[in-house]
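Quick one: this structure, given as structure tokens, is what I'll be asking you about.
Think of it as A, B and C in the order they're written, each chain with its own count starting at 1.
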Amino acid sequence: MPKLVTSLSEAIQRCSLRDGMTLSFHHHLRNGDQVLNMVLAQAAQMGLKNLCIQASSLFDVHSPLIDHIASGVVTGIETGYMSGRLCQAISEGAMIKPVRFRSHGGRPDAIASGRVHIDVAFIGAPAADPMGNANGVDGTAACGSLGYAYSDAQYADKVVVVTDHVMPYPLVPASIQEIDVDFVALVDSIGDPKGIVSGTTRITRDPVGLVMAKYAAQVIAASGLLKDGFSFQTGAGGASLAVTQYLKPLMKQAKVTGSFGLGGITGYLVDMLEEGYFEKLLDVQCFDLRAVQSIRDNPRHQEISAARYASPSVKSAVVNSLDAVVLGATEIDTDFNVNVHTDSNGLIMGGSGGHSDTAAGAKLAIILAPLFRARLPLVVDKVLCVTTPGNTVDVLVTQRGVAVNPKRPDLADRLRGAGLPIYPIGELKEMAQRVTGVPELIRPNGRVVAEVEYRDGRIIDRIRSIQAP
Amino acid sequence: MKITANAIAGSLESNDVLVRVSPAEGLSVEIESIVLQQFGRQIRQAVLETAQALQVEDAAIFLQDKGAIECTIKARVETALLRAKGETA
Amino acid sequence: MRRTMLFVPGNSPAMLLNADIHGADALIFDLEDAVTPAEKDAARVLVRKAVQALGYSGCEIIIRINPLDSAYIKQDIDAMVPLRPALFMPTKVASAEEVKQISAMVAAAEIAYGIASGSIGLIPLLETAAGIEHAYEIARSDPRVKAIFLGAEDLTSDLQAIRSKQGDEILYARGRVVIAARAAGIDAYDTPFTDVNDEEGLEKDARFARSLGFSGKAVISPRHVTAVNVVFSPSQIEIEYARQVMAAIEEGERLGKGAVSLNGKMVDKPIVDRARRVLDAARALGLGGIEDA
């Protein structure tokens, strides 16, 4: 029986989709994804109910989920990150069963261990051959790395590759291999290229962001990690990306050749690879067009699976070889616990992604954030949600000062010696409050709408429903 | 000080506040703010203090706040009240 | 030290919030060209309250006020004197007489608000042909005048010249302002570089200004501060050389020598003076390892 079918609905029929099943999706098509919506539209049409969506991330394009939840098609969501209108709905209590948040490394671990059982995996692929070999670098909807799809392909009961670009057998290179694939569904379009990757990601022009980024680069230089073999990861936010621009002259000055850049890869890391600052790039997802082109054309830019990237239970994961990582925060408390799940009102607006994994693995975990955003201080007494525990966070860098985790006195000495403005984190809190005033304590006390599962499988926090506006 | 006209001050830009004042019986303050839960009380306090300092007892003051800190709120309220009196600072 | 003076638009709460993190030696809170006529009142109140609340310690406070012939200058001065700024920056200054009038207005306000007379200085902005022509008289016009500052954008308009990055059209004005300032014994500040994105052009422009003898340079973008600070700071090489000069002088004095040489070159008064200035600047900037010279 041929694997290639000419409609998604046929593939779904052949998979014998039933009520209560768990369907999985990767997020490499980001906010241009059409696969998840197409599958669920089909499922709804078939009258299916109580489905669990196991998606590595969810974006605003997935807002139709709100209707599927209301109608009972979907009663469970497990994801690593959430943005867009779905967040408001979940935070207001649209779902009875709490959302289960995991990290990017925790997800493959949960899948491999059997804690999560996937009935059908739908793998959107920019290019596939009729036997299901698939990659993310060919085709018009090219998205680059397919790192988050590996576990789905390996462990799901049934695997459907969904593509709009069938190529002759055998497809080389193949990220997803035919050995795992049951069906290949050909559709008109798997996603909108403009929503899949941004044309280019941009470093911030905001002078405050640049001041912060410069401090972060100086922290890395003063830490003693900036020597040959240095490895580095940075988030895709404007200020985090700007760190690369300040790091380059420091690396040049110290005559350092780095071993690898890791991510979340943008054109800026590709530049560093091509300009000789790093020997290799290890890529679990591509954020922009330059990253996609580079992973396709440069053998030293390699795709890695999410498990290899960050799983806590594999023989070794790349995050554990990582020297320095630059991460963001909506809030950080005086114990250095970081919140990237909710905003200061408790509204869901993100998720760990790789945050807690990289913080746990890297030798130097730097949180980069402004001291206050629109009157809201960054440093609080207690975060509304613990995404990343403080004992994995080393340094907080703001535009007005740097705080070092007390468990790293060695690092504090080095940074002070380098002339960086070091303050106890409590003093940064007070510095912010002198400008903003002391905010009233917000403690949402509705029922639990989401649970945060740390990479070791424990629930480390719960998110409660906020008041409906 | 008597408010005799409607007046506006400030803007809807980030970190600013748009203040509208109009003549009214008694003092009323209405606040929309992106940080209402965290700072609503302090914002109201800042408005009342500013009105008091200018001896304004009869005005309707409406704020659309985009995260302005206290000195900005007081500055914009003061400016709006003085404009509503037909006087510049 | 006034290597950099960063313009901060007076009516922008977002800019006021973070003005002092960029490392500028001085902040120019602008009540003049950055503020539309309709918002002059709002800017005055905002700057006053922001400076009172935020302090900006670590930065010198300069207020750019509206021209003498405007409806705003008296209110600018009355509103800002209680802040005790280091300097007012009067604009479109064309003559010594104007400076005296402004100085008198400031004096009256100082008395009214109980502030030590003469404590607020002036840094007149010379941005017209008349201003440049009378630069020396303006520089000497009043004890309050601590420096003069060249404004090329308005000046080139007044000259009916064409403004360029190269700056040939303001070359004479630059030289004239430096000469006038030095002859009067005060400092001179150069016009800002206006292309926010051209970092190479900025550095070139700043280095040129330094070589002409300017004490520092105004900047319109926070992103320009670091580069201009570097240009107007003594370099390690300059500091090292200055120390050698002073050491040679001291040794010469100890040995009772009349003339002193260093590396085969006579160390005469201009070299010693320059060495002292470099070491003063280094000390003021806290650059490491400077003993009293």
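What we mean here is this: a residue touches a chain if its C-beta (ideal position, glycine included) is under 8 Å from a C-beta of that chain, and two chains touch if they have at least 3 such contacts.
This structure is a prediction, so every number in the text was calculated from the model and none was measured.
Taking the mean of all protein Cα atoms as the centre, the chain whose own Cα mean lies nearest is A.
Simply put, of A-B and B-C, more C-beta pairs touch at B-C. Per-chain CA centroids place chain A at a distance of 48 Å from chain C. Per-chain CA centroids place chain A at a distance of 42 Å from chain B. Rounded to whole angstrom units, the spacing between the C-alpha centres of chain B and chain C is 37. The set of chain B residues that touch two or more partner chains comprises 14-15, 68-70. Under the contact definition stated at the top, the residues of chain C that touch 2 or more other chains are 17, 53-54. Residues of chain A found to touch two or more other chains are 435.
Of all residues in chain B, only 9-10, 13-16, 68-72, 74-76, 78-79, 82-83, 88-89 touch chain C in the complex they form. Put simply, chain A touches chain B in their complex at residues 344-345, 373-376, 435-437, 439-440, 442. Within the complex formed with chain B, the chain C residues making contact are 12-14, 16-17, 40-42, 44-46, 48-50, 52-54, 75, 79. Put simply, chain C touches chain A in their complex at residues 17-18, 21-22, 53-54, 221-223. Remark: chain A residues 205, 207-208, 210-211, 399-400, 435 touch chain C in the complex.
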